[in-house]
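Got a structure here, written out as structure tokens. Questions coming.
Every chain is named by a letter (A, B, C and D) in the order it is written, and numbering of its residues begins at 1.
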Amino acid sequence: METIPVEHGLILAGILFCLGLIGVLTRRNIVFVLMSLEVMLNASGLAFIVAATRWGHAEGQVMFLMILTLAAAEVAVGLGLIIQMFRRYQTVDISVLSEMKG
Amino acid sequence: MLELIWLLPTFPLLGFLALVLTGGTLPKQIAGPIGAGSIGLSFAVAALIAMEFVGSGEDYFVYEAWTWMSVGNFSPGVTFYLDGLSTVMMLVITGVGFLIHLYATGYMADDPSFARFFSYMNLFVAAMLMLVLGDNLVLLYLGWEGVGLCSYLLIGFWYTNPANGYAARKAFVVTRVGDTSMAIGLFLLFAQLGTLNIQDLMHAAEGEWEIGSGYAVAAALLLLGGAVGKSAQLPLQTWLPDAMAGPTPISALIHAATMVTAGVYLIARTHILFELAPSVQLLVAWIGLATLLISGFTAMTQSDIKRVLAYSTVSQIGYMFLGLGVGAWSASVFHLMTHAFFKALLFLASGTVILSLHHEQNIFKMGALRKALPVSFASFLIGSLALTAFPFTSGYFSKDEILLGALAVEGVGTWLWLGGVIGAFFTGIYTFRLFFIVFFGESNVEHHVDREVGGWHMNGPLIILMILALVGGFIHVPVEAVFSHGEAHDEHHVSGLIHGIMIAVPLIGIGISYLFFMSKTFSVEKLMSSGLAQSLHKFWLGGWGFDTLYNALIVAPFLFLARINRKDLVDSFYALIVTLSQAANGMIVKTQTGSLRWYALTLVGGLVIIVTLGVLL
Amino acid sequence: MILVTLIAILFVGGLVAWFSERISPTMPRLVALIAVTLDLLLMFSLLGAGDAGGWVATFEADWIPRFGISFYFAADGLSVLLLMLTAFLGIIAIGAAWGEITERSGFFYFNLLWTLAGVLGVFTALDLFLFFFFWEVMLIPMYLIIAIWGHENKHYAAMKFFIFTQVTGMLMLISILVLAYFHYVQKGSLSFNYHDLLNVSTAGSMGMWVMLGFFLSFATKLPSVPFHSWLPDAHSQAPTAGSVILAGILLKTGAYGLIRFTVPLFPEASMAFAPYAMALAAISILYCAKVAFAQTDIKRLIAYTSVSHMGFVTLGIYAWNEQALQGAIMTMLAHGLSAAALFMLAGGLQHRIHTRDMSEMGGFWPKVPRMTAVAIFFSVAALGMPGLGNFIGEFLALIGAFQANITMTVLAAFGLILASVYSLWVLQKVFQGEYRNADFDDSHLTDLSRREMIYFALMMVGLIWMGMYPQSFLNMSEPALTQLLTSTQGVAVAVLQGAL
Amino acid sequence: MTITAADIYLLLPLLLVTGTVVVAMTAVGIKRDYTTTAIITITGLLVAAIAAAVLMSGTNQQVTPLLIIDQYSLFFTVVTCASAMFIAILSYPYLLALDDSREEYYLLLGVATVGAVVMVSSNHFVSAILGLETMSMSLYGMVAYTVHSKSAAQHPLEASVKYLVLSAAASGILLFGMALVYAQTGTLAFSSLVDLADSSRGDLGNDFTIVALLMITAGIAFKLSLAPFHIWTPDVYEGSPLPATTYLATIGKAAMFVILLRFMEASEALAFEGILTILSLIAVASILAGNLLALMQQNLKRLLAYSSIAHMGYILIAIIASYYVDGRIGIEAITFYLLAYLIMSLGTFGVASMVSDSSKEYDSIDDYKGLFWRQPVLAAIFTAMMLSLAGIPLTVGFIGKFYLFFAGVEGALWMLLAAMVIGSGIGLYYYLRVIYRMLEPAPESGVFNRSGQTASAFGVVGILFVLLLVLGVYPAPVIDLIEAISAYI
């Protein structure tokens, strides 16, 4: 049967990835920033799966699972920090975190 | 005996060391004898050596103390070379030198830095002897610079007055200009002929260069540069009148009798080289002529007794150069000697005058001093006669020979001779102008003269010099061997008319100055009334504006450059680098805004940039 | 071995001096004096004919075999002369610091000795890596001397000194590496050994660039216009002892580098470059003499005159014939003494009246007759009075240079005139004229002490010796120079024939 | 595939570090005691280091597809564990005063080291990411460690959030790049990307490869804080507690560089014109940006952050050179310089943390005014470290710079060398500024907190100082060792 060309999958992943990036750039709310990071990571996960299907390997999926755990861990640490941040500044706007410069 | 020649510079040197190492603290009773005695000793030695040498009939005698330095084929030694010329020079230096030292012990008696004075004087004599005895140009250069240094130290002897310091520096720097040209000459000679030993050099030059060859001309010109510097000839004559700032014995010793004649000695020493470059030799003559005329005019306008004598010195050395230029070598050397006698006499006498009048130097504040200052009067009379070449005084014979030598030159000879004669005419005028104004007429003395300073050690030298100035003309100068093949001409017939003119002209000069300054038949005021005369007078008084010229052309620009670049331009370039990097820092630090979103943006931006670049490349 | 000992003595002596401060604050200077004197005495054992190449002492041991780097020390007459100058001026410098340095004297003498050790290393290292190693090592303590014991503007001066020498030093390092790589390419093995590298062919444009790397570094240290501007600041800010070391010795390392490395290693490039180098020399002589004349800070003035005098050294080196080179070396030695003495005088004045501004001075002669006499002597020496060392050096340099390049020599000769201008100007400003009780407190304006007189007397004797019987020095450097000249003869001839 | 006993034996160092963490964790579980935890961690790291050193005799073996245990990786295992141990020792007094639970810090440090060990012995994307993220995760924690403390002087929160977000984004980019490479090559192990035309499926084109490689480069460049991805460095350095900064600046960088080196060598990425150019540009940019940023910086930690940017740029030159030269000189240069950089950074931060503690950090240059006269030994060490960073002889930094120059010369990379010279020239200025501060007369007030100056801390900086000098004066043995191990890359 007709398979989807690998390029398409990668392009899709690429678009997702860019969405994530844009999210990181544009969002002030740190929660959304974290979510955008998730998007980015999962986009690369998708890319791995697409690549894996190209070669008919399993490594890609392995990698994807790893990325999931990785993302989870990141969010865990991130949320911890967000709580601290909210405690201290009563806000989740990242622009308050700009005391160090120069 | 002859190999004791090394003693000559040694005695003064020891004297110098003795006086310096004691920190100039020696009392006069000791410093005086040391200072004058050391010169006396070397005069004694010089006399003995001279007798033996002349007696021996040898052409020359060489004594090598040690090899100074030996680098490849360049190995000048500390070697003394004795021949007729250096014999004359060493006798003049030690003899006249001794008299002047003796005189100075009296003249400087009241000066607090008595010992310092004599240490310089001794060092000077030592250096001067090195100059005339050195057998190679490097050793000669050593003496050459040494006398320059002492001249500097002595002109600036009374250092508290900045003017003296200025005069001293001027003297040193101006002569240094000449010295440098001479040094370059040395380099050229060595590069071309591979030695700096004077005799070898002359032979090599004769052997390798034909007459008028470019190298000969260049070398001769460069040496001439040194000579005009030291001997205060055009265009470097400006320093000598200012040099009168030093104590009068200095003017007598350094700036009349010895150092200033070093240029004459140099040219006479290297006369073969100059004969190989006839054009340069003729230039020497013209320089001498121009100098003697210009300074003659200037001398007529001066009012400072020592400046008058200074300009007359310049003009007399002009005669010597004229003589050298026309190849009357021995005549020049002869005049060098006689001039040493009578000019030393004049200076010392003026010293007495000045001291007696409590350091008054303006001749218009003198007058009618012949009674008050008999010794000075006598000295001045004899000295002035000799200076104006009054028949059968020493100056007469020497100047006569020079003028005859000039006349003997084909072509321009007559003109040179005529110039010389005119010079003699002015010599008569300015010399006796000085004489009459100082010793006759009514007295303009401000603080009255109690007694003439003197004592045997001041008057003794004066008397001896008077005798020499009178009969010095009969001394025979043993330099035939030196100039044997170089002598321009043998004594050929000269018409009596010529002789008559040469005798008459100075007398006319004297007569004119008598009418102006003695009998007041003519009045200077009337002469001065015309604007032209005044401007001329100003022009001559200022030494023909050479100082002004040099200030405008050289000194001022140098000072200007120095001033504008005190901060050192080059450094500002490095300062610029610093400023730039600080500016760059200031700009780039702005990127560290501290805002997370901006940081993220740079991250993404960077990615985009490198990816696009990478794909495009 | 002796060479290593010489250096080791200073390194160890430095440490001892540092810790001896705990015993008593006057201890360090004693230790330093002993160490340097010991070195000087040991050096007399180096006075000898030496082997065919003129090498009197060598020591070699592996260091970093991976790169063919070894501890290779050797000294020929040239080195020995400079070693002795170093030790001698080291003693003089200690003398200069004797009464002046009271704060943290232990650390001061530590730095002083380590600087000297570095210099000894520079003069004896024949492995280029080792040479560079010492070249840099001598800078740090010098930096510290200026930065800690300097005057009002010390930070700026020390920084400038360090950065100038460091940056150009890095360029030299790169050049050294390229040279070693040449050896690798041509001979199949890496080596930093001087004698090996002499056999490397460095003709061609690459050779020119590499040579420039060396030249730049040495010209900065020398210093030569336009890389000189660190010197006036360093000198005016450094303590007297620092200035003595700087002017007397450190500048000479640059000249030594040119003689020992730049020209022999890159004969073709150097011969091609010689006219420009000589032009730079002439410019240095004239330009810095002019700038010196304009200075009011006496130490700055002397600093600029140093640049001017070192110009004669460059001139002599690039003329590259026996007279010129001997002249360059004599100038190095003589200038070492005269400049050191002048800086000691300036330092002494500053120590007494706490100013370096000449416009505040004047008429000191009657107050300090001995100092005046000394000042006259050394100024006169500096302006090249025959009979003193400087004259021999400059005259030989010029007479040699004249055979190589007439124009530049004539230009340089004008430096003799300017030298007299500024030297006499200093005498006038400081000692002559009317003494006016100026803005500064002159209660400490006392004449030279006996101790000071001894140092100056030593230097005077040295200069007169060099001036009246230079043969004893010329003979020492002679074999080394013949060696160098023969090694580059082929090229020189080729150049004369216009082949290059 | 199975794991044999031999493999276990080879993995001993890694297992030891992991074991240390587990033991420490249990110990904390049983009874909270700061000192015990510290001692356990330190000894564990020491043992691991020794074990790795012992193993370092000619072993070169792929253990599972993920890890390569050869002398090179073992060498860096030793270095990593030793450095981690030093940091642990230095951290002890620093955290002593912390008004919060302190034991977990050592767990984080241990885990981070596990990650680092994995990184240095990885030649496979999975292990690379695994190690990298393990380290990063723990580092987030370490950076933010003092966040609860009322007295913490820094901005640990801001620092950690910035680090977390940006680092995660970078990891994303890195991962995506890896995915693309995987799509191209079909294997997750580091493997050549050159001449894929003949591979079974045909390749997706050069540009595809280049984009992939550049994304990986970008990701790694961020972790190494190379321009233009350097911008986070100063803030994170300044905000974190000193021990965390130290870890970040030393092990964090070194381990990452090993991965970069192995990847570049295996993938032959430099064969692509574009990559080569980009890397050169990055190197130059980092050198200039780093040094210029540091020029006027008054805060010591920020200054060191900037200087680290420059130093990473220097090392990058060697990577580029390794493409041009036929020998291994480039790799040797990188290895030696990394070692040198670890020594001097550890020393510098070590001294800094010895005069600081969690409540007050002396991170302004002015705080060091007169240190030389107050505490000569400490100041002498600090000076030596600064000079070494500036690359002055007698110090290891000089030999390192010599190595880099040599690699550059052999590769004839004149432009890059010029940049390095200029950079070092600027660098001198700010290093000397720090030294000069210490030389100035000591002010009356402001005596340092000496709680950090324990004997053990002095021991650590002392050892580093000795290493600095010994490797600076007689580096031959280490050079030979490095020459030997570099053969394994």
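The definition used in the following text is that a contact is a pair of C-beta atoms (placed from the backbone, for glycine too) under 8 Å apart; a residue touches a chain by one contact, two chains touch by 3 or more.
Small disclaimer: the values here were computed from a predicted structure and weren't measured.
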Query raised in the report: Which chain pair shares more contacting C-beta pairs: A-D, or C-D?
Result: A-D
Report summary line: By Cα-centroid distance to the whole-protein Cα centroid, the innermost chain is C
Report summary line: dist(centroid_CA(subunit A), centroid_CA(subunit D)) in Å evaluates to 26
Query raised in the report: Where the CA atoms of subunit A average out and where those of subunit C average out, how many Å apart are those spots?
Result: 65
Query raised in the report: Measuring from the mean C-alpha position of subunit C to the mean C-alpha position of subunit D, what distance in angstrom results?
Result: 43
**Report entry** Gap in Å, rounded to a whole number, between the CA centres of subunit D and subunit B
**Finding:** 78
Query - Where subunit B touches two or more other chains, by residue - result: 589, 592, 594, 596, 600, 604
**Report entry** Residues of subunit C whose C-beta touches two or more other chains
**Finding:** none
Query raised in the report: Touching two or more other chains, which residues of subunit A qualify?
Result: 21, 24, 94, 97-102
Query raised in the report: What pairs of chains are touching here?
Result: A-B, A-D, B-C, B-D, C-D
Query raised in the report: What does subunit B use to touch subunit A in their complex?
Result: 589, 592-597, 600-601, 604
Report summary line: Per the touch rule above, subunit D residues touching subunit A in the complex are 125-126, 129-130, 133, 137, 140-141, 144, 147-148, 155, 157-162, 164-165, 168-169, 171-173, 175-176, 178-180, 182-183, 186-188, 201, 204, 234-235, 238-239, 297, 302
Query raised in the report: In the complex of these two chains, what residues of subunit C are touching subunit D?
Result: 62-67, 104, 129, 132-133, 136-137, 139-140, 143-144, 147-148, 155, 158-159, 162-163, 166-167, 170-171, 173-174, 177-178, 181
Report task. Would you tell me which residues of subunit B are touching subunit C in their complex? Result -> 20, 23-24, 66-72, 74, 78, 138, 141-142, 145-146, 149, 152-153, 156, 159-162, 165, 168-169, 172-173, 176-177, 179-180, 183-184, 186-188, 190-191, 558, 561-563, 565-566, 568, 570-571, 573-574
Query raised in the report: Which bits of subunit A are touching subunit D when the two form their complex?
Result: 6-7, 10, 13-14, 17, 20-21, 24, 30, 33-34, 37, 40-41, 43-45, 47-48, 50-52, 54-55, 57, 59-60, 62-63, 66-67, 70, 73-74, 77-78, 80-81, 84-85, 88, 94, 97-102
